[in-house]
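These are the structures in question, set out in turn.
Both of the next two complexes hold subunit A, though its partner changes from subunit B to subunit C.
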Partner chain A sequence: MQKITRDVLVSKAISLLEDGNVSHVLGWRKGEFDYDITPSVFSEKEDIENNFVWNDFCGANFSKYLVQKTRKLEGKILVFLKPCDTYSFNQLLTEHRFDRDNVYAVGIPCEGMADISKVKKICGEGISSIDFDGDNILVNTVYEDAPIVIDAKSVLSERCINCKSKKHVAFDELIGEEGEIIESGRFDEVEKLEKMTPDERFEFWQSELSKCIRCNACRDVCPACTCEKCVFDNPKSGVENKAPANSFEEKMFHIIRAFHVAGRCTDCGECSRVCPQDIPLHLLNRKFIKDIDNFYGEYQAGAEVGSRAPLVDYTTEDVEPSDIFEGRNG
Partner chain B sequence: MFKSSLNSINEIFAKIAENATLYLPSDNKDGNAVYTKWENGVVWSNSLNTVKSPKDFFFPQVEDMMAFKTEGKNIEINDIREESEDFVVFGVRACDVRSFDILDRVFLVDPCDSYYANRREHGIIISVACTKPSETCFCKTFDIDATNPGGDITVWKTEDSLYWSANTDRGRELLSKLNLEECGDEAVNEQKAKTEAILNKLPLANLNTDGFGGDKTDALFDRPEWKTLSESCLGCGTCTFVCPTCQCYDIKDFNTGNQVIRYRCWDSCMYSDFTKMAHGNNRLSQVERFRQRFMHKLVYYPANNDGIFGCAGCGRCVSKCPISMNIVKVMKTLGGND
Partner chain C sequence: MQVNEYKPLIVAFCCNWCSYAGADLAGNNRLNYPADVKIIRVPCSCRVNPTFILRAFQKGADGVILCGCHPGDCHYTSGNYYTRRRMSLLFSMLDYLGIERERTRVEWVSAAEGAKFAATMNDFAEKVVALGKNKRLEDLRCKK
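The block that comes next holds the complex of A and B.
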């Protein structure tokens, strides 16, 4: 359960709106069943009071929306940022993707977000409403008279189990207690893959990526994917953006995309959250992050604005290609 | 009405598979139900439904249509499609059975789509009535009875038994080969009543189609709410690709080096290059693309198909949209729902 209540965020949003400091609020809009939350722009007090939500299902990262919203909307936008969202926020600023002056960023603490599919594996179908009580999630379903009690920790999203930071790296104002950068086990799965034989690893990715339906949700939600026109959306490019034509093409899509965001991916985990086929796409990105850490020294994309990512920088200390080759064989 | 024990289901699957390839929902390693070719050891899923709809069986996501080869001034055109063999799809829910009707009205009308028709002729549908519907279900909105799903054969599941009833000649022929024991319909009626009670308790039980239909283009097209409804749409194709009724496709040529293969693949009205033609693009913004999807399901399709809506209420888009925006929210915002 989140330590900061919805009411605190609602009054913050309303006071900033009413004082004229901001003209829009980027927040989470309630849905039909307490877990189906939609990122949304609020500009009326009443709308915020009635429809703004903040709970364990507010996983959506708003940073990328700022690229589009700061262009379209008049005035300043208030955005609520969880610690992991602030890394994407900084990375987008580094890439000059939105005007910082048009944004008022409020950092909010996060206790980790729930994965609704994990919830459903426990309580089954037919959720009518969800309540929160201390460390528990109470799920009411049409099949049971009493709510099903679930320990919130047992249904945390993978990216939150392996949370890399409770510390905000960007904000104008902070609500609640600031956290720390965490030594997470986020590379454990990557290490398992590295220990596989090439054939085993090929088979792993073959079976994962062959589930892809080319909905492009991973790309469209990715804060590192902000090209005005993606090469895959260009009918003249010779590559198809919507046909998982054969096992080759879809693999290329995900691997090319991982290369393209290497050094810029902050490991926010949105790609895996939105994948309708549960492909662990974040593992491709984490492999790149791990390799960059190994070969160029630790680097966290988005930790600060303006940092030069190792792959687009040159120093005389840079690793020699031959070292990488040896590293791969060793 | 015929009866079999739930324990003997694998023997029945084996019998069906003797004469035709059998597909049924089975859980993959992630625990998601996927239509899988049955062979010994494949277990029928307990999930309510599959992530991807069964429309793939008749209208696959990608299919090769023909091939061209040029030599000098001659063009050789080859029909490279493979003739379908008989197949049986078991475990189809009522919503997805309706989706086949919706697709038929597009692909089987003149000019008939022979690729689709060929598969349709070879496929037998065995539906299974729902017993544990989800909060995302709203098939009732479109007058679909989840307790009586149709298809060639309908199956009802109770705690320990399966009840079988054929609806078509093809279904009767297949059912007669299974040598099942005849029975009355009391147990089925009891199960139907139980499910009916749950259906009435679902959060979307009262969602209605008031305000939508073939004559509502003018009333809905310029509604200002489209802008707010679509404001955070990512423009991805998840809703269209998990949808059992989305039927738009693109046809493209792929140059393999020594020949050109003409293939078609599902397209998504959410994509920026959807129906892109020489003049540029007819829908330049995401608001327009978003509106197109829902207008198609709720207005344009019924306008051309005797008032039948182009949605079956399966709820796949409701559970899979990355930003949880969906047809239910659109209907509640723009229609006559409370």
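The block that comes next holds the complex of A and C.
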């Protein structure tokens, strides 16, 4: 359950809109179901009052939307940023993807977002509505008369279990209390995989990545993927098929996708959230982050504006590619 | 005489200024290295995008080796330093996905090191032959 209520955000948005400080509000709108909350632009007071949503399913990271919206819309845009979103926000500013003057950023605390696929594992399909009561999520389904009560902590998304920071690194105004950077165990899963034998690792990734349907949702949602022309849209890229025609294809797609954001990925976890096949894509990105930390010193993309990404930088003392496996088994 | 001996396909990306000249020197000196090594000349080792390496594997390569100037000797001052970072990460990722480590390599070969070039290629080809056909990163559509 989120500590701040929807009403606080709605009144903040309306007051800023009415004062003329901002002309548009980037917020969460109710989707077709209670759990598919859609990012949306609001510009009318009534619209915000009726359709603005803030609950445990508002996982969407708005940073990427600013790239297009600041160009298309007139005036300032109010954007609500959760702590992990602020890292992407900073990273995009570092890359000069949008103009900071066109944005009014309001930092909001986050208690972790729910993962709908975990909810569905408990109560099955046929969810008709979702309510919140304290720390519990009440799920009404078409098959049951009484709502199914689920502890919100038990259905936290993987990225929120391993939350890396509750501290906002960029904002104009902060609602609620500021949190701290957390020592999370986000690399534990990566280490577990590293300890496997190569055959086991291959087996693991083969079974995970073969689920890929090449919907490109991971690319489209990624705040680091903001190229206007993407290599994957090139019909000669070798990974152009709508559905992977070969087991190599999905591997190549995912290696390249992760490599393109290596050093710029803030580990916001959006790729895994949107994956309709529940592939743990964050494990690829975290591997790069872990390697960068190991080889070139700790680096958190987006922690500050203007920092130099590790892959566009070098030192003369860098580790040789032939030495990277020293002291590692397998 | 051996019949049906396994012939690997090895792709070597060589930078124009050092390693390609090194390969030339190896040829001039009549040094032997496997004919299975197909050299692709690139302006700088930094020109090699990670996609190139994956693409080579997709098209049926059994091993990919990238040769460039020694760190500090790059014709473009700093190209190979970037290569070094990129390839460290890419090779580590390929290992993470369960691809054999010996299939990829980076070697710094200068224009004066014809002997090193030949020795490197012999050694690399031997390791790739020991691994056998590249089954994990092949694309059946590219098979002739």
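Everything below uses one rule, namely that the second predicted complex is superposed on the first by the 309 of 330 C-alpha atoms of A that agree within 3 Å, B and C clash if a C-alpha of one lies under 4 Å from a C-alpha of the other, contacts with A are read in each partner's own complex, and residues count from 1 in each chain.
Note that in this section a residue touches a chain if its C-beta (ideal position, glycine included) is under 8 Å from a C-beta of that chain, and two chains touch if they have at least 3 such contacts.
As the structure is a prediction and not an experimental result, all values here were calculated from the model.
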Partner chain in contact with A:F42 - subunit B first, subunit C second, else both or neither: neither
Subunit B versus subunit C as contact partner of A:V142, first or second or both or neither: first
Partner chain in contact with A:A60 - subunit B first, subunit C second, else both or neither: first
Subunit B versus subunit C as contact partner of A:E32, first or second or both or neither: first
Shared subunit A surface residues [contacts with subunit B and with subunit C]: 245
Complex contact set, residues of subunit C against subunit A: 50-51, 54-55, 57-58, 71-72, 78, 81-82, 84-101, 105-107, 136-141
Of subunit B, residues touching subunit A in the complex: 28, 30-32, 48, 51-52, 61-62, 132-136, 198, 201-204, 228, 231-232, 234-238, 240-242, 250, 252, 254, 263, 265-268, 271-273, 276, 318, 320, 322-325, 328-329
Residues of subunit A defined as touching subunit C within the complex: 193-194, 198-206, 231, 237-238, 245-246, 248-249, 251-252, 255-256, 258-259, 262, 284, 287-288, 291-292, 295-296, 310-316, 318-322, 324-325, 330
Subunit B partner contacts - residues on subunit A that touch it in the complex: 31-33, 36-41, 60, 65, 121, 124-128, 141-143, 211, 213-217, 219-221, 229, 233-235, 240-245, 273-274, 276-278
